[in-house]
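Report on one structure; see the data block that follows.
Read from first to last, the chains carry the letters A, B, C and D; within each, the first residue is number 1.
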Amino acid sequence: MPRTTEFPFLVDTTIPTFPDSGIKIGVVTFPGTLDDRDAARAARLAGATVVPLWHADTDLQDVDAVIIPGGFSYGDYLRAGAISRFAPMMSKIIDAANSDAKLPVLGICNGFQILTESHLLPGSMIKNDHLHFICRDQQLKVENVNTRWTGLYEQDQLITVPLKNQDGQYIADEKTLDMLEAEQRVVFRYEGDNPNGSRRDIAGISNEAGNVVGLMPHPEHAVELGFGPDHTGRDGITFFTSVIKHLLEAGK
Amino acid sequence: MPRIVVDVMPKPEILDPQGKAIVGSLPRLGFTAFAGVRQGKRFELSVDGEVTEEILAQAREAAATLLSNPVIEDVVAVTVVDDAE
Amino acid sequence: MSAPKFNIDTVANAAATPHEEQPWAELGLKQDEYQDIVKLLGRRPSAAELAMYSVMWSEHCSYKSSKIHLKKFGAKLDEQMKKDMMVGIGENAGVTDLGDGWAVTFKVESHNHPSFVEPYQGAATGIGGIVRDIISMGARPVAVMDPLRFGAIDHPDTARLVHGIVSGIGGYGNSLGLPNIGGETVFDPIYQANPLVNALAVGVLRHEDLRLANASGVGNRVVLFGARTGGDGIGGASVLASESFDDTKPSKRPAVQVGDPFAEKVLIECCLELFKGELVEGIQDLGAAGISCATSELASNGEGGMQVELTSVLLRDPTLTPGEILMSESQERMMAVVTPEKAAAFEAVMAKWDVEYSWLGEVTDTGRLIITWDGETIVDVDPRTVAHDGPTYDRPQQRPARQDALQADTFRSSTAGASLPETGLELRAALLELMASPNLCDKSWITNQYDRYVGGNTALAMPDDAGVVRVDEATGMGVGLATDANGRYAYLDPYAGAQLALAESYRNVATTGAVPMAVTDCLNFGSPEDPEVMWQFVQAIDGLSDACLALQVPVTGGNVSLYNQTGTTAIHPTPVVGVLGRFDDVARRTPSGWRAEHDGQAIYLLGT
Amino acid sequence: MPRIVVDVMPKPEILDPQGKAIVGSLPRLGFTAFAGVRQGKRFELSVDGEVTEEILAQAREAAATLLSNPVIEDVVAVTVVDDAE
């Protein structure tokens, strides 16, 4: 078989890697979860040890943080996240997120929808205003760098990560939106065109304590050169290095 | 203001994945009384003024052509609801 | 629950009532085909046997018009082409060795007619079907592609088809977690009432995970798992109504199938876990012809015998008759053969994923496929006669009389050719007109509805001419894929047109930097009963197989879709060709466009 | 067999993208009588046997907790329908 090694590398393959941190990050899998392997890869590349968490189990296995990845957890025909919210693993996560330990939880896309259905985050998601599934490279502004998942970004930094969903229009009543703004809990806003009609261009929010963060776009798809937006995007890796840094500083 | 309600359900012989997913989850939540669930759609058409026979006929036609997909769905009811009642 | 009481036509009853009228014609069989069945069995078939033969001997399942011609793909192979081919034509999908213990399996299939009737569900279940083919080989599906053809973009029916089909492909594929890495979108009035919805899936596996669908090992158990069986795809009024006692039973059987992508996603994970735990001997997906196909193929590919109790099948609709159960095309079902020792472990996997299953019977050494209904034999056949020994036809071929005139009618001789744009303004107008053509303009309004990122291994997708996915994260080894076809070229010259489709696809893969290794094809044509269509079909196969030999890439699998025509007007012959190539490291792939950061690089035009 | 029908509609203050799309396409199809359209969901829960008060209570709870999301939706009705009627 002829070799393809004569061709030049398109991208710089000497990507910076992060040292093994000893931090344990759990990645939850529901039967219809799709991006769990991506979330696991992202956490691993950032230096974490990944612990798979099965939706039907009840043991959090001493993880230091949890990612609820994207997908269609139970088919999501009823409402995204409606059924998953009741999973045994979710009750454990809800308790741990609300406990004094304030377990860091990141909900991506379907994970964000599950966090709102679980009332860990306010508001809800409805169908995109144009009614279509949309997959595109999306620019975001990072508006709050004080959460567990955004500490290594710069205030108002613009990042590009993939967005891909059908039910991504964030809505909440005006009072809730005003409260989120006042408490600086709008963590990410869409830059440029609003891709789905979300209120006030909101792409992601946090809870009061800043340990629970949810967003519709997918940072875990922008962690490796050659496989992210426009082949070079790596803006998403900072989510995972941020939480690891926070946990290391907190003495984990 | 009077509204016309159109109810659309998946045909009984057709697989209803939405209903199936709900049926699967009910017992886990402690709801054990239900043998089956089917999920359909409910449309509320609002009208300025009175619902005449002619408007109702339009609603029936819209139900059959636009609001439902006759290949896989049935229009099970087109009814007038008056909130004032 | 006791089995519903039908007017069961047992094998014994069939033998005792040789002159009973049977609805063979309504089931699509020809008189001589029916006579062949009677001869094979030495008696008239029972109602259930008739149902099985009729679906398995259909054009769709038996390839009766195309079989003798498709043999050329296998015949025109040399040793070099066979070197990396682990499984060739004939199985659910071909398998190619990628080295390092990895293998890849891919195939393109059509779902044209169902997508015209119900665009969303037709296209969605097209994706579902091809993905199950890939799973049944023991592979994890890793990407899909969708070559599509529609009628005129401004025809009133085109919007229904385009929007329905695109959202169906997206709705199903996106829910499975399979990146869509490419496809085609072509508009041409010739496809107005015959849109082409072809779907390609690719999967990867370790060599040791390769499974072939066969039922071997006497005493091994046969299990059906996944969705329940409903009346899907049986269509219209049941012609097997004679099986039923009363004629008040629901006569409506849905002709369309509704897909449940969540169920399929669970099925994928479930099968991978079964393969990993070595819990199954073989798995067969249930597509067209459902249980008829799965039982007869598993049995005839194995040691030849199988015993099945049909009342054990879990039903969504309890009024289905035995014949209807055998014919049902309900989606998201699989059949597996499991050794008795592993039955408990198999059940544990089903429980983990919350998948329904039922044990139907076992493998025997009788050489017969025996199906019972509540203990009474309703099918007793040699499974080979159902699955493999169906009729084959060498249908008449006739080069169309118009062909010479068609080829002589060149652009140069046309009025448009006489007035080629010359001035800058004319060129500008011509360029704008081309750019506005729906076949050339940006396709992101379609591709943006497909998830191209999921899995994290997509190295190229839209807008590039080929899709590239990484297979091995440790080494970066991966594959590149492209699909192409040009119905107009193939109409002018089907032999050369098929070759051009291969050449384009091959180029699209090669220019990314991959080494082309294997070919799959979906041959979309009109009615084989029209000698002119048959001529186009045979020409295209000759052209494609000759070109494969010349380029040293074997066809490892594919699909034939015939009867794509309205009245006597056939679509243009449309052989869709998919090529797969290999990368040592996908980091070396080259995108199709040049980019801003490469400013200052030279541009060369290669070739003639 | 009796069934329990649960009707769920988007809250009035919430923009309903599907309803909006339908309103937009109605006039193009010649249906000009309707001022607004909202699209909600209709669930049919089937029960083996009779619908007792206890089962109806279960249905109401399922409607409020699982079948609807109170942030965006209202349960507008939970009713028993008997086909025999």
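Note that in this section contacts are C-beta pairs under 8 Å (C-beta built on N, C-alpha and C of every residue); 3 or more make two chains touch, one makes a residue touch a chain.
A quick note: this is a predicted structure, and the numbers were derived from the prediction, not measured.
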With contacts counted as defined, which of the two, A-B or A-C, has more C-beta pairs across the interface?
A-C
Whole-Å gap separating chain B and chain C, where each centre is the average of the chain's CA atoms
35
Could you state the distance in Å from the CA-based centre of chain C to that of chain D?
39
Within chain D, the set of residues that touch 2 or more other chains is 66-67
Pull out every residue in chain C that's touching 2 or more other chains.
260-263, 354
Specify, in ascending order, the residues of chain A that touch 2 or more different other chains.
74-75, 77-78, 83, 86
Got a list of which chains touch which?
A-B, A-C, A-D, B-C, B-D
Okay, in this complex, where on chain D does chain A touch?
10, 13-18, 21, 66-67, 69, 71-72
Could you list, by residue number, the parts of chain C that touch chain B in their complex?
117-118, 121, 227, 230-232, 250, 252-254, 256-263, 316-317, 330-331, 354
Report the residues of chain B in contact with chain D in the complex, numbered from low to high.
4, 7-9, 19, 22, 25-26, 29, 31, 33-48, 54-55, 58-59, 61-62, 65-67
Can you tell me which positions in chain A touch chain B when the two form their complex?
74-75, 77-78, 83, 86
Along chain A, where are the residues that touch chain C in the complex?
1-5, 7-11, 13, 31-32, 34-35, 37-38, 41, 56, 71-72, 74-77, 132-136, 162, 164, 166, 218, 220-221, 223-224, 226-227, 231
